[in-house]
Amino acid sequence: MKRSIPIFITFVSAVIMIVFYFLNQDIESVKKFQAGILNWVSIIAAFALLLGIFNLLFVNFYKLRRFNKDSIYSLVLIVSFLTITISGLVDDTSATYSWMFENMLRPLSSTMFSLLAFYVASAAFRAFRAKTKEATFLLVAAFIVMLGRVPVGAMIWGKIPLISNWIMAYPAASAQSAIMIGAALGAVSVSLKIILGIEKTYLGGEE
Amino acid sequence: MTITNDPGIWVAAILTLAIFSFLIKDNPLYKLAEHIFVGASAGYYVVITYHEVLVPKLVTPLSTGAVKDNPYNLLLIIPLILGIIMLTKLSRKHSWMARYPLSFTVGVGAGLGITAVIKSDIISQIYGIAFQKPLWFLVDGKFDFTISFFNLIYVVSVLSSLLYFFFSAEHKGVIGKTARLGIWFLMISFGASFGFTVMARISLLIARVQFLLEKFLGIMS
Amino acid sequence: MKQKVLLFSLFQLRFYSSAFATEAEEQISNSFFQVSRIPVLLGLIILCGLILYCIQIAKKGQYIFIRKIAGLNAIDDALGRATEMGKPVLYVPGIMEISDLQTLASISILGHIAKKTACYETDLYVPNRDPLVFSTAQEVVKESYLAAGRPDAFNENMVEYLTTDQFGYVAGVNGYMVREEPAANFYLGGFYAESLLLAETGNAVGAIQVAGTAIPSQIPFFISACDYTLIGEELYAAGAYLSDDPRSKGSLKGQDMGKLAIMVVTILLILFNIVYNMNISSGNDSSEGLLGKTFNVLESGMKGE
Amino acid sequence: MILKFLKTLDRRIIFLFMAIAVILPTITGQRFPVQPSPMTDDFASVLKELKSNDTVLLSADYDPGSQAELQPMTLAFMKYCFDNNIKVVTMALWPLGSKLIESALNHDRIYIPREKAIELMSKGKNVYVISKKRSGAEEKIEKRGNKYIFIRDNNQGEESILNNEDKYYVKGLYSIYDDIKYGVDYLDIGYKVGGLVVIQGIVNDFEETVKTDTLNNKSVLDYPITRNIKNLKDFSAVFTISSGNMGIKEWVVYGNGPTGVKVLSGVTAVSAPEFLPYLTSKQLSGLLAGLAGAAEFEAATNYYEGEASKGMTPQSYAHLVIIFFILLGNGVYITEKYFIKE
């Protein structure tokens, strides 16, 4: 009961989505229905966000109460959470909210992202060694494409950008295509197992 | 060099440096930035969800006026109830009820996903291989060797890479050899897309450095 | 299951009748079915049919051979090492939503890993970005501990929600890694730019790392920074591989059948295309003949919308 | 000893080299010439086929996270359209995308040559300068009588000559033009919630889906530019600047699919390989990949002051650093394997 009804719900909702995919997309009500269902999903996810937030706050209040040298960080987390949430919920055009977005979130986010520039360098140093035939292919392809993407590549040898584009367009694109096909089959199989209730780990729990 | 006196840029610059300091080692400044980041971004998503989802998709359509205009809006009570059921997770005893909304979400995802991947990742790919990469390539109605040869490489690469993913056959003999060719193509593809990406990652760093140098420190080339 | 197949074939029949019985364009566009999606329907029927067939024969007890997947054997080694060292295990279920199929595949692997950490009494930490994934993961881990007979070892803080922001999430997980120094890191699911941010940090703290994703652009980064990487389909296969359910093994066999079918169709189309083009280059303009008409039907059908 | 040091090289040394490779050229401002790749050439040739008075749809499906790579594309593309009298309707599938379009039109720095600066000033536009002598602070220039005055704060300023060493810019693309009219040459219909539902809507009925613009909240039928747009097919091309979900893929599948409309796209370099298959299957008519794609596009349209071209030098050095370390890594590996016997 606790498990069979959810499995039934999964089956029905999936089959409905599949059937609707094959209905004429020019029919107004078909489109409205599909959009409506997606809205439902985002509404449910919105409530689930509350669960996540409760967890985050609960964990940090707990750390705060333990009161050691690390408590300050939990306090900072809670304060920044509350400031942006309250200012944004009251008025999402408010000065505090956009100031925090512009001067805190945006730089934090893009800086975190930019750390990758350093990490690609250190990963390349470690991983790109011609230890095996496979690794050599990896290395050489990376090497040529990396050079081909910047003006310096063409300065070293005029043909490098051309070769680099060829690699991207033929061997790289085709292997990419194979990965996509393979992964799609995996995805079909997983969703089929979910629809039929063979795969039900996501429900957790006993019958 | 004229350092800015805009407090916003100061805060942004300090946070930027705090994140960069992680490259050297973990330190209290990074830890502080990290906690601000987690807290503020979680809050930001609460705000976005409220303004972009709850209000326009649930609250407004369920208001009296909107319901009068379009009685179908009343159907939104169903996701509202499902959403509230989701919150039973907070109770130990009733948390199993949350499986109802969850199974609905998963079902919709599985149903949408299965057709979408067949279309875009299987059929479109076959189309691309079979019709866009003809092995008998014509230029002005005449056979063109070079492109036909390239297309042959393309086709061989797809098929051999696909063979690598066979799970129910031992990689021995002909299958093994072909699959090994597939691995080589896969490796070339991985190397190439790594190299291709390096570019983007550095662009991001350049933008941050430009921010620090130009906007914060006021250094201009 | 058979009923479902039957249901689909009924659909298929009506599709055909509505698509090909009526010549007039107008009538087609007025039909209740999306004619341009017939290839998808055929694909769905063939692929699902093959997978279901293999699941059936597996259920009947026929032995199904599945080759070794290196990354999966590495999972046990990594868990073993974490236990030996008395250090925690980090499990990142990707950054996609629960409805994403990669996440669902990852959740099923999480179930297996949590059972093992429960038996070995190793600490497990699962940070989350999506709230629905968070609540699902929590349930799955709790259940696995129960199933392993160690409900006492389960601790609510094993599964946490951090933030929905992609990089805020990375900042948090990276912080965890440098402070707690997990001995084994698992990154399984859908990943984007965070792949290398996580994997390089994990590498720097000296953890054994096993990754897996079906996002083609991120696989190279995992390959370069992790010890083992499940590539594309291998991620989906992992759950079935680890499972004791014969039906799961059957589904893997079915996937292989599907691949074979795709290869055959592709090769046939390629051969057909060669014949068609050779015919043109030898001076026959065949767009009006049977060959040309067939080509156009196939070409526009596969292109779809 | 050295070998061992190199073999277990601390990552932080690599990081240091990377930092220097990016910081130094940014300060010195050195430039390398940019050659368009065939992929960018194809993109540009699609644009060059457009005729004067054609209308294109620009969809900003990205956010500030990928601004560094994608914003230069927005700028260069819109500049090309404005220069060639191609009409642009802008929209966004991402909430912050419309802010970035706004920013491109009204706030982003657009560098211009000295002659252009003089010309714009004479038309009464606001022109700014970064003067080498006074190290980096931004100043407005005004022409008073025959003199050019550099103004810093509170109208306090000093006279200066306009020399070629200084950098001149205006704020926002809109300020370079005086014949570009809102509603006639471009229109912003803003952020549209719903992703593929929006695309499907536009495919069927533009007016019904979009209804109003964002600036004046007036019906799109009131503007000459969109008066004759019935659905997606009426656009000569769609340019989606896309950094992820709800973007290129959706425009290709749900836009190009049913209508065959030409879809062009600018994406981050990292996601570009993923979309190459669309290019081969002709579902996508052109693709700009990352900052290099943007810089090449700038070169293809003779827009040398563009932001992307500027970033290509630190980019080149950074690539060289990575290549150097890869060579070093292999050198150490080979030396150890073949020359040193245990």
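Per-chain numbering from 1; labels A, B, C and D assigned in written order.
We adopt the following convention: a contact is a pair of C-beta atoms (placed from the backbone, for glycine too) under 8 Å apart; a residue touches a chain by one contact, two chains touch by 3 or more.
Just so it is clear, the model here is predicted, and its values are computed rather than measured.
Colleague: Could you tell me which chains are in contact with subunit B and with subunit D alike?
Modeller: A, C
Colleague: In terms of CA centroid distance, which chain is the most far removed from subunit D?
Modeller: C
Colleague: Any idea whether A-C or A-D has more C-beta pairs in contact?
Modeller: Contact tally favours A-C.
Colleague: How many angstrom between the C-alpha centroids of subunit C and subunit B?
Modeller: Comparing mean C-alpha positions, subunit C is 15 Å from subunit B.
Colleague: Using CA atom averages as chain centres, what separation in Å is found between subunit A and subunit D?
Modeller: About 24 Å, centre to centre.
Colleague: Centroid of subunit C to centroid of subunit D, CA atoms only: how many Å?
Modeller: 34
Colleague: Specify, in ascending order, the residues of subunit D that touch 2 or more different other chains.
Modeller: Those would be 11, 15, 18, 22, 65, 67-68, 258, 269-270, 273-274, 277, 280-281, 290, 292, 315, 318-319, 322.
Colleague: For subunit B, which residues are shared contacts with two or more other chains?
Modeller: 19, 22-23, 31, 33-34, 37-42, 44-45, 86, 89, 102, 105-106, 108-110, 112-115, 117-119, 122, 124-129, 131, 155, 158-159, 162, 165, 186, 189-194, 196-199, 201-202, 204-205, 207 - these are the residues of subunit B that touch more than one other chain.
Colleague: At least two partner chains per residue is the criterion; list those residues in subunit A.
Modeller: Answer for subunit A, listing residues that touch two or more other chains: 18, 21-22, 25-26, 38, 41, 44-45, 48-53, 56, 105-106, 108-110, 112-113, 115-120, 122, 124, 126, 128, 138-139, 142-143, 146, 149-150, 168, 172-173, 176-177, 179-183, 185, 187-188, 190-192, 194, 202-203, 205.
Colleague: Please categorise the chain-chain contact pattern as a line, ring, star, complete graph or other.
Modeller: Shape = complete; every chain linked to every other.
Colleague: Touching subunit B in the complex: which residues of subunit D?
Modeller: Residues in contact with subunit B: 12, 15, 18, 22-23, 26-29, 67-69, 95, 130, 132, 135-137, 167, 193, 249, 253, 268-270, 272-273, 277, 280-283, 289-292, 311, 314-315, 318-319, 322.
Colleague: Going by the contact rule at the top, pick out the subunit C residues touching subunit A in the complex.
Modeller: These residues of subunit C touch subunit A: 1, 4, 11, 15, 29, 31-34, 37, 40-41, 44, 47-48, 51-52, 55, 97-99, 101-102, 104-105, 107-108, 110-111, 128, 130-132, 134-136, 139-140, 142-143, 157, 160-168, 170-171, 193, 196-197, 199-200, 203, 214, 216, 219-221, 223-225, 231-237, 239-240, 245, 247-248, 251-252, 254-255, 258-259, 262.
Colleague: Can you list the residues on subunit D that touch subunit C in the complex?
Modeller: Touch residues, subunit D against subunit C: 11, 65, 244, 257-258, 270-271, 273-274, 281.
Colleague: Give every residue of subunit D touching subunit A within the complex, in rising order.
Modeller: 9, 11, 14-15, 17-19, 22, 32-35, 37-39, 64-65, 67-68, 194, 197, 200, 204, 258, 269, 273-274, 276-277, 280, 290, 292, 312, 315-316, 318-323, 325-326, 328-330, 333-334
Colleague: List the residues on subunit B that touch subunit A in their complex, please.
Modeller: Subunit B reaches subunit A through residues 8-9, 11-13, 15-16, 19-20, 22-23, 31-47, 49-51, 53-54, 57-58, 75-76, 78-80, 82-84, 86-87, 89-90, 96, 99-115, 117-118, 121-122, 125-126, 128-129, 150, 153-155, 157-159, 161-162, 164-165, 182-199, 201-202, 204-205, 207-208, 211.
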